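Chains: A, B, C, D, E, F, G and H, in written order; residue numbering restarts at 1 for each.
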Amino acid sequence: MEIENSLRHLLESLRKGEIDVDSAMERMSMLPYEDLGDVKLDWHRSLRRGIGEIIYTPGKSDDQLVKIARSIAEHRSNAIFSRVSKEKYELLKTVLPDLEYREDARLGLCCFEPPRERGNVAVIAAGSSDKPVAEEAAGVAEFAGCHVERFYDVGVAGIHRLFNLLPKIRKADAIVVAAGMEGALPSVVAGLVSSIVIAVPTSVGYGASFGGLAALLSMLNACSGGVVVVNIDNGVGAGLAASLVATK
Amino acid sequence: MEIENSLRHLLESLRKGEIDVDSAMERMSMLPYEDLGDVKLDWHRSLRRGIGEIIYTPGKSDDQLVKIARSIAEHRSNAIFSRVSKEKYELLKTVLPDLEYREDARLGLCCFEPPRERGNVAVIAAGSSDKPVAEEAAGVAEFAGCHVERFYDVGVAGIHRLFNLLPKIRKADAIVVAAGMEGALPSVVAGLVSSIVIAVPTSVGYGASFGGLAALLSMLNACSGGVVVVNIDNGVGAGLAASLVATK
Amino acid sequence: MEIENSLRHLLESLRKGEIDVDSAMERMSMLPYEDLGDVKLDWHRSLRRGIGEIIYTPGKSDDQLVKIARSIAEHRSNAIFSRVSKEKYELLKTVLPDLEYREDARLGLCCFEPPRERGNVAVIAAGSSDKPVAEEAAGVAEFAGCHVERFYDVGVAGIHRLFNLLPKIRKADAIVVAAGMEGALPSVVAGLVSSIVIAVPTSVGYGASFGGLAALLSMLNACSGGVVVVNIDNGVGAGLAASLVATK
Amino acid sequence: MEIENSLRHLLESLRKGEIDVDSAMERMSMLPYEDLGDVKLDWHRSLRRGIGEIIYTPGKSDDQLVKIARSIAEHRSNAIFSRVSKEKYELLKTVLPDLEYREDARLGLCCFEPPRERGNVAVIAAGSSDKPVAEEAAGVAEFAGCHVERFYDVGVAGIHRLFNLLPKIRKADAIVVAAGMEGALPSVVAGLVSSIVIAVPTSVGYGASFGGLAALLSMLNACSGGVVVVNIDNGVGAGLAASLVATK
Amino acid sequence: MEIENSLRHLLESLRKGEIDVDSAMERMSMLPYEDLGDVKLDWHRSLRRGIGEIIYTPGKSDDQLVKIARSIAEHRSNAIFSRVSKEKYELLKTVLPDLEYREDARLGLCCFEPPRERGNVAVIAAGSSDKPVAEEAAGVAEFAGCHVERFYDVGVAGIHRLFNLLPKIRKADAIVVAAGMEGALPSVVAGLVSSIVIAVPTSVGYGASFGGLAALLSMLNACSGGVVVVNIDNGVGAGLAASLVATK
Amino acid sequence: MEIENSLRHLLESLRKGEIDVDSAMERMSMLPYEDLGDVKLDWHRSLRRGIGEIIYTPGKSDDQLVKIARSIAEHRSNAIFSRVSKEKYELLKTVLPDLEYREDARLGLCCFEPPRERGNVAVIAAGSSDKPVAEEAAGVAEFAGCHVERFYDVGVAGIHRLFNLLPKIRKADAIVVAAGMEGALPSVVAGLVSSIVIAVPTSVGYGASFGGLAALLSMLNACSGGVVVVNIDNGVGAGLAASLVATK
Amino acid sequence: MEIENSLRHLLESLRKGEIDVDSAMERMSMLPYEDLGDVKLDWHRSLRRGIGEIIYTPGKSDDQLVKIARSIAEHRSNAIFSRVSKEKYELLKTVLPDLEYREDARLGLCCFEPPRERGNVAVIAAGSSDKPVAEEAAGVAEFAGCHVERFYDVGVAGIHRLFNLLPKIRKADAIVVAAGMEGALPSVVAGLVSSIVIAVPTSVGYGASFGGLAALLSMLNACSGGVVVVNIDNGVGAGLAASLVATK
Amino acid sequence: MEIENSLRHLLESLRKGEIDVDSAMERMSMLPYEDLGDVKLDWHRSLRRGIGEIIYTPGKSDDQLVKIARSIAEHRSNAIFSRVSKEKYELLKTVLPDLEYREDARLGLCCFEPPRERGNVAVIAAGSSDKPVAEEAAGVAEFAGCHVERFYDVGVAGIHRLFNLLPKIRKADAIVVAAGMEGALPSVVAGLVSSIVIAVPTSVGYGASFGGLAALLSMLNACSGGVVVVNIDNGVGAGLAASLVATK
């Protein structure tokens, strides 16, 4: 259901005299979100994109999380919780008994109905320590209905490792590349493929990596065209962006 | 022509005894780029993506630019020069007489044949000072064969200006949003559309904008999903990324 | 009691010969603060503004806190303790038995007499994780005698959530907006209201939010006029500034 | 004229059948701004606050500036141009012959009718080099209808210079303090007054002042309550904020 | 004993034939420090300045600390340990039974003989949370033989608190000022005294104080002449510098 | 003439009935500075320290500079202008015909009477490019009455160059060390002397020197005790601090 | 075994008809690394340099570490684990019983056969707290077959400590210098030797050392030629670089 | 001539009674450098390394440069001037008529006698804009006696360009890699060779390259072992380091 459509419907009711001006004005501002007090759930966003709601867990109180979970259970809407600790997962599960937990991705997935089908997404991780961020991206893309293929530990220190994977990588409609330290892999990959490369800097590294800043700057300055960047460790953002690109 | 194909062809020549091992090894490394001495042109990259070569002009000497222009003239390959000053444009025009100059975008375009057709790209600029970067993105997307629609001066200070443009913006396959100062527009736009938003921070601003850093950080931290970011003032990168997304 | 008045009084005593020059000089420097050794309480500041003393708790030793609490109990002056842990609250309560604790705001309030009445303050929080900072601002404004209305989880990712709240928000004499991540909300709000917007960046976020720096820079570069900024997570400062503005 | 009012009027026309749904939807999005192509003027913002439009000049082309000036001339709306060079002023004057130029403030003022009357604003500058920023703030506050009093070169290196000015400063409804280098003055002033202090860091200084960053950080960390901060060198923002506070 | 003197002595022994060239060369490089393996103690430094050795404790292993303590016990040299935890103090005390512990300054003092007498040092702390750093400076200055007077909680938010202390502060030969947050106090103090002001930024604060960076930059940009700065939280360095200045 | 004395004098006049309370209050705030409109000269500061007024020239308009020069000429007070361009010098000379210009130090000196005599100051420059900053420090110290000895181009790359200068350097009461690039020299010098070392980072260098930041951080982290730091390129501050230390 | 050789061998098999084109293409991309799923071991890198594989332990799961250890045990290849906690060491030891643990260097060494012999490496540490990083460098260099000599606690605060060690230091083919705080030692050492100096900034320090940034910048700006730099605390990188230089 | 030898000679003269103690002490400090007033030339450094003196030109006055050139002419010592503008070259040439100018490298070379022969150095530049820095490195290495091979415009965007150059690159004893923007090339190269890689970040780029900072951080975090880094744009340092490594 589109915002325009509901607005049009509202205006027509007004024209037909079914409602008066005051109630029209009140309802006009009532776009489809649910007010849970200090939390507001945006059902229209997930409706618009056809992807379930994504809830970032850290900083939310137990009380807020339970309210959200209850609303999801009631709407039977697909939803994904990110950065979920084991404890938070157990809490959410009391409300959503079918919630699936992917520990390495720190994701809680809740699929009441299968997502619409989307295209192919390749998720590449430079080092084995970048796996959690890559898994987060892969999990979100799968949640959105993409077919995901994973290629891990193929960093630029042994660039030949990348080459025998190229034919498979090139089949993807969107490519996510997670890398920490010097963050060079997205630039190399983008020079070898024709799809867009969504680069995720990770906080893997130490010293002058400054918590992922080195990788972030590296990716923003990628000399290969076709590289776009999301926040440090933002696997969710990368997976979502890839899903939007892989939508036909 | 794909790298794999030419490699396969080479290996078959070897198997058939048409060439020997030493020349096979030599030719294997001869992938399709042209060595102009201290400049090397990557024809295969443009072949692979079906977009002409994009040449970043600053830092290249007159001599290097003329060499590149001559090679383009010879191959009759579509090409686009970015950040071209009026003086550099005059220089390039002596070799490429049909080079088109877009002064506000600082682009020189050279199209020997029409590009393959691609989808719709919306280019939004927050303020009137962001226009040059937005035009750069628009120019590259048009060069790549996209249909581009421009929406300028619709910053968040008057967010209502955005709303009557939404129906048109929502038709785009990819949306480029250029913004300086606080860089909030991509986050707002992404909350209202279902396509991917490619955010370009611009260096518009002063003081604590730190040459576009404030806008860059803002965009990387966009609370709306579906926002990806390119380098400060990188209209070319945004336009190219949008073109890759809008490719069907 | 104004500094000028007490000074005038002092000088008149001198002129009348009631005191001599040396004691005049000594008393001239005795402005109304109380010296508790390594802590000095500024009663004249709270007198001047008509708002009780605000005590920032972290970094103060138990001994210093008890000294301060005892002095407050003795003067029966309104006071507010900020960033109070549960433990520190218990300690302070032994001296100030009526101390009220607001756990989500981390505030300890002590009101011996009702504050003077002030105007309306709206406190807006972009996300549910920004609630503690917003509550801190709201608590201080209420302590100062303002009427406070809260609007939480109305971030720019779903900007429509803001619109149906606008009529209420516009009634405020001063508006506090707390936001982390990209910190775009103050700029959007300021474009829609006519009161001053006091922006509080929060440290909510990760990666390139750099502990609230992204939101801070965003707010300082707000393209809408009428936005002023306080330190990251400084709910107290925002609440106090709003109270000073809402004073008629 | 308020947005709500015009919206209500529109809805009533629809209910009365004076317009149909499609034209209602089209007009609903037509809030009162003027589309000059790549520039859009927001008359409703100045209407709402009762302060004329403020136009930031740098980055706008001559063509854009002339378009804006013509629209102002046509609407006979009060307007102020900031950071205006002598050359730009001459250009604008060809369209707006009564445009007043304040060279030290780099402001161009255009007042077709006197502004509504507002309260008292004190503008304090720490050093003589901070004068241009202070004058910018003072000019905007005067443009908005405030009574402005200036106090220049009263930095903390000779803090006694401040004390004999205190009685006058304390009469202000809002106090703007511009300071570069270590930016300590707002903190000192705020400790001595009861109004809000709007601190403007200036880029005055060298070396580790990092273009005003030192002063900015200093002001954000002001230990005195009641200090709010705007961007480096943002005299316009400070003057506007002071005017909003001084509105009764 | 000066290096020159021992060198001269060595050369004279050589000239007199008491030692040969090879042993002269070997002994020439034996300047008065003691090699404890991976730790080397510089007795000549303390000899030169007449101040005992100062040992920075963090990062040193128990084994290294015991070695150092034993050497001190053997030489019966005055020594001061900084940033000493309670645990490390207990360890050192097993070797140096007379070691005095100042818990708030985190110092361990060991005085086998009274230090040479030096001048007056004033130690000022802006806030009560700056006390540990101020006590560190005061402790080192006392260890070096200075007469120290302390002035705590006299920050710029209540600048009048400073004025009645000025006559006493002006008697000091060197003034240490410790301040966190905006770090404005050294600038204000230096404008009122004629001695050198040694400014110590402290890490007291939060948000945009960036661990003391705001105070550090503020102090480096002090608009008052006569301010010099040491590292963040470096009470030892400030106390030592003050002692060198107060040496007659 | 001390502030206290004049205050005492004022109070005594009041007590004797020579003046009334109102004029006492007015005169109390009239501390000895001269109000030139937007510039205020602090004669009492130079009186207190016995060093003439130091005027930082950049950012001051011609009009402001002439006002200051005239006041100096009138008071016949010693004064020093820093960062004076050749053009500004010519301007000032029209008012102060005896103004001496030191081009390499960018100083204008004006001595109506010889300064009081002070001690020895050593000024060391690491590289030949650090000379202008070193000369600025030397000039100010000489202006203050110190005996200055210069030691230039003795950087740590050839540390032996330092050793044969040590006997002379050790005679100084205060040592100024100017160094750019890695800024290591103050740490090395302080390990070899017993006086305080006032370190001045210079902006000499390129790339990761970040305009003197590398040297600044290096000096703040000096592992040798007895090093204090001033702002980047702040020769004036270093010279003044050295003069205060060298005052007996 | 070189990559070229195996490639040549592969091509010859193809020419001789021993393999067909498809399997040639498949095998061409099979360069000598071992795919352990989400971890890939690069045996060819260690083959090429003649140094065993170096495995950075942090961020790798127990499962990944055991997989790597098993593969090492199977290939009987020399290997070194860096940043190994006591717990991880115990885990690895269950698979590699001969694994040697160097606790201060946090290294686990596994030598199935003695390394090829290389030249002399000097490892210098400025302070006793820099020892762990220095030991890491020394351990890697020894693992690679170098003869290593250690020189600890010879910082610039007592530069004379360095001089009697110079004759020994000058014998090294490559010199590693680890230093925190101001990081000046590499510059001083490089001015006195003729070999290359590999500088390792350490995170030793506090306040404005910013986790080793001060030392890093200092080393990058070293005024002595012949200094190269590795990441903060990167003892492994320094040891490996020294080994490559010391290879004859 | 070594420092030890001359020292030994000096001591023997003393022992033999040929000189007395005082003159021994004086001469001991006279190590072989030449004092030209505010410039001191270090002949012993070039003697020790067998490479002529390298003079960094910027920041040196004409007078200083002429002094240096005259001293070089007199000693007939090989020397190289870096960052030489055309104007400075003309100046130097008046004293050194045989000075060779390499305009693209901004070097002035002066070779009175051929340098000692050293090994092979490969100089790789990622983009054509990195050529000036690469040429600076190449020029210094040639000046030092190395055989230099250049490989330009082989950035990671077209990583295949690198592969056919690998056999030649692998022959080098030391490899210099200059790269701007994301600075990924050194990491890729180091993964494919066995020599040390000396990485030079260049300031080529814009926006978030922050003047070479992105490339610098990228190189410091290189995931391939064997990469060491010099300052941004420091071609001289890279060339010198490569020469020291290539010395047999």
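What we mean here is this: a residue touches a chain if its C-beta (ideal position, glycine included) is under 8 Å from a C-beta of that chain, and two chains touch if they have at least 3 such contacts.
Labels paired with UniProt names: A, B, C, D, E, F, G, H = NCAIR mutase-like protein.
Note that the structure is a prediction, hence the values are computed from the model and not measured.
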For subunit G and subunit H, chains touching each: A, B, E, F
Relative to subunit A, chain with the most remote C-alpha centre: F
Intercentroid distance (Cα basis), subunit F paired with subunit D, Å: 38
Subunit D-subunit G separation of Cα centroids, rounded to whole Å: 58
Averaged-CA centre spacing for the pair subunit D and subunit A, given as whole angstrom: 40
Sequence positions of subunit E contacting 2 or more other chains: 4, 45, 127, 157-158, 191, 207-209, 213, 216, 220-221, 225, 231-232
Every chain pair in contact, whichever chains are involved: A-B, A-C, A-D, A-G, A-H, B-C, B-D, B-G, B-H, C-D, C-E, C-F, D-E, D-F, E-F, E-G, E-H, F-G, F-H, G-H
Subunit E - residues contacting subunit H, complex: 4, 7-8, 11-12, 14-15, 17, 20-21, 24-25
Subunit B partner contacts - residues on subunit C that touch it in the complex: 126-127, 155-160, 181-184, 187-188, 190-192, 205, 207-210, 213-215, 217-225
Of all residues in subunit A, those that touch subunit B in their complex: 4, 45, 48-50, 54, 167, 191, 193-196, 198, 216, 220-221, 225-232, 236-237, 240-241, 244-245, 248
Complex contacts: residues of subunit E adjacent to subunit C: 125, 127-129, 131, 152-154, 157-158, 160-161, 163-164, 204, 206-209
Residue numbers on subunit H that touch subunit F, as the complex places them: 3, 29-31, 33, 37-40, 42, 44-45, 58-60, 64, 201, 203, 211-213, 216, 231-234
